[in-house]
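Pasting a structure here, questions to come.
For clarity, chains are labelled A, B and C in written order, and residue numbers in each chain start from 1.
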Amino acid sequence: MKFFIDIGRNTLNTVRGVGGASIMLFQALVGKPQPRKMFPLLLRQLYVVGVQSMLIILISGLFIGMVLGLQGYTILVDFGAEQALGPMVALSLLRELGPVVTALLFAGRAGSALTAEIGLMRATEQLSSLEMMAVDPLRRVVAPRFWAGLISMPLLAFMFSAIGIYGGFIVGVQWLGVDDGAFWSVMQASVEWRHDVMNGFIKSVVFAIVVTWIALYKGYTAEPTSPGISAATTQTVVYSSLAVLGLDFVLTALMFG
Amino acid sequence: MDNLVTVEDVYFKRGDTSIYEGVSLQVPRGKVTAIMGPSGCGKTTLLRLIGGQLKPQSGSIKFADYEINKLGRNQLFNVRKRMSMLFQSGALFSDMTVFDNIAFPLREHTDLPANIIATVVKMKLQAVGLRGAGNLFPSELSGGMARRAALARSIALDPELIMYDEPFAGQDPISMGVLVKLIRSLNSTLGLTSIVVSHDIHEVMSIADHVCIMANKTIVAQGSPEQLKQEGNPLVHQFMYGEPDGPVPFHYAANGYNADLLGGGKP
Amino acid sequence: MEARKIELMVGIFISVAIAALVFLAMQVANQSSSTRGETYTLYAKFDNIGGLKVRSPVKVGGVVVGRVASITLDKEFFEPVVELRISKEYSGFPETSTASILTSGLLGEQYVGLEPGFMDDDIFVLENGDTIYHTNSAMVLENLIGQFLFSQGND
């Protein structure tokens, strides 16, 4: 009996949450566009969300690429196939690691910050105060952050993949002595713009929507107390990571399966 | 009498907890109306109902000719341009200077050129005595100054109604005195209507023209300060004279004291 | 002043992203030019396609001229039919051409090798939708070993 009640309650809560989040996003994004007011806000959020995540993305990408180069080499050299190091590094980065790791780092770096910021704005009544000043906080606070996340994450994923491939090149070619020409030419022969780069791009757009959306919704509905905000921040990171990994499987199955 | 805000027979529930059961009150135009009551009786909720941030389950709330609880989103935003609210925390935007905070509603709702906005902002800052603090960030202000800056922001658009949510809470006597004087003088010089929610009896009594006392989920008494001091209701008497025990009990509802202590140590 | 710094940093951010994209486009990915643009379709029937996959390359003398578009089984004769999508740039193969399923290297991927046949007056040119009749199926390791053992036994 209790079991069914639990199932029912959880289902209802999930539906309510998804519904609320959809309404929030709809109200934030639909309406008369006001580019003159929006642009400075968007620029500022691009700075906070994108620029400030750039360093961690570049460094992580470099290291992951180097590890891929090292691990890939030790495996491939046993088959005498170290020529295939280039495509191995490039394909794993472009198809999987670029979009996925970027999304996970983004959730930890920018997503949690978004949740905490909006949660604190709620706690200090800044959101209510906007409402009372007849300014819609959804359009003023939520919308620019959403667009900034949506624009930044695919760009960050490209940076991640590019620098990761360069990291693989440093380890594979400069250090372990794979042939320079073979590394790039075999890579070029097997990486396809539309199939690999664009599908990775689509993945990271999907992840961007999901992570930013979760972060904004969790912040917007956070309980305005210190434990409430800290719980919301944690939930942002946990839910967006799970959502990213789950969706990644679905998207991979659809694209490459 | 001409009332700017009329609240009639409002029932409001948050979750399963009933907050109001039949609240009715009037806010006369051009006067300072105080709403008082013990902590936790939902005074702030009343302001949010008037501002349309919350909707009552039943009853009606009128501001000027608009029925707030029946307005759509866009109309509500239009009506809100005519009212403003001073939040307990001040609610200044922490990423802007004081100047930009006060310019914010002007930039949002008017197309005035920058030099006129600057003039208006300086006038408002002068009114609250903070003209020198325009370049500071909210984090650099003391609590009293932050509240005055927020006050300047709430009068930036010259509203008809201004709602103060606990304006005196946590203020030292000097800033309290400054705020009392400001609320009174803004009300008379700008022709505002003010609603002050507070439980600081003495300060409120000194500025209010009309007082409503709220307890037990409804309004127990309203009238001028003098009328209320004569009021026979024991609850009003307890509140007005600050007695620790009476109709509002000192103890939170609990089992018998003896039974609790001897009952085996369960919390 | 602060607004200018933000603009500058966002500008750098976007530039780095574009640089990354250009790097991926120029250095890492091929534009799959052989399947871009105008193509025409040829069919080839094999006995066995081995490990051939959709999107495997079609090569003439090592040059990629197209890709495998689809692999289906003929309903009547239960033969695999491979649909080849070849770039219009490379047209005019004679109908005597041979399609073979080959393997690049010992462990490499399988591809379709197209070998142009001889040209004569009464030989037609393969057009869109035509079928190549001369085909060599994929080598299947088990069959090879079987043949080898059989021939050994005959000696």
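Rule of thumb we're sticking to: a contact is a pair of C-beta atoms (placed from the backbone, for glycine too) under 8 Å apart; a residue touches a chain by one contact, two chains touch by 3 or more.
All of these numbers come straight from a predicted model, not from anything done at the bench.
Novice: Hey, how would you classify the chain contact layout here, line, ring, star, complete or other?
Specialist: Basically the chains just string along in a line.
Novice: Looking at every pair of chains, which two share the most C-beta contact pairs?
Specialist: Answer by contact count: the chains A-C.
Novice: Hey, which chain is the most central one here, using CA centres?
Specialist: A
Novice: Relative to chain C, which chain has the most distant C-alpha mean position?
Specialist: With centres defined by C-alpha atoms, farthest from chain C sits B.
Novice: How many Å are there between the centre of chain A and the centre of chain C, using C-alpha atoms for each centre?
Specialist: The computed centroid separation for chain A versus chain C comes out at 35 Å.
Novice: Could you tell me the distance, in whole angstrom, between the mean C-alpha positions of chain B and chain C?
Specialist: Computed from C-alpha means, the inter-chain centre distance equals 75 Å.
Novice: Indicate the whole-number Å distance between the mean C-alpha point of chain A and the mean C-alpha point of chain B.
Specialist: 42
Novice: Can you list the residues on chain A that touch chain C in the complex?
Specialist: 40, 43-44, 46-47, 50-51, 54, 79, 81, 90, 94, 152, 155-156, 158-159, 161-163, 165, 184, 187-189, 191-197
Novice: Name, in rising order, each residue of chain B that touches chain A in their complex.
Specialist: 48, 51, 53, 77-78, 80-81, 83-85, 87-89, 91-94, 104-105, 108-109
Novice: In their shared complex, at which residues does chain A touch chain B?
Specialist: Within the complex, chain A contacts chain B at residues 124-126, 128-129, 131-136.
Novice: Give the list of chain C residues in touch with chain A in this complex.
Specialist: Per the stated touch rule, the residues are 3, 6-7, 9-10, 12-14, 16-17, 19-21, 23-25, 27-32, 55, 107.
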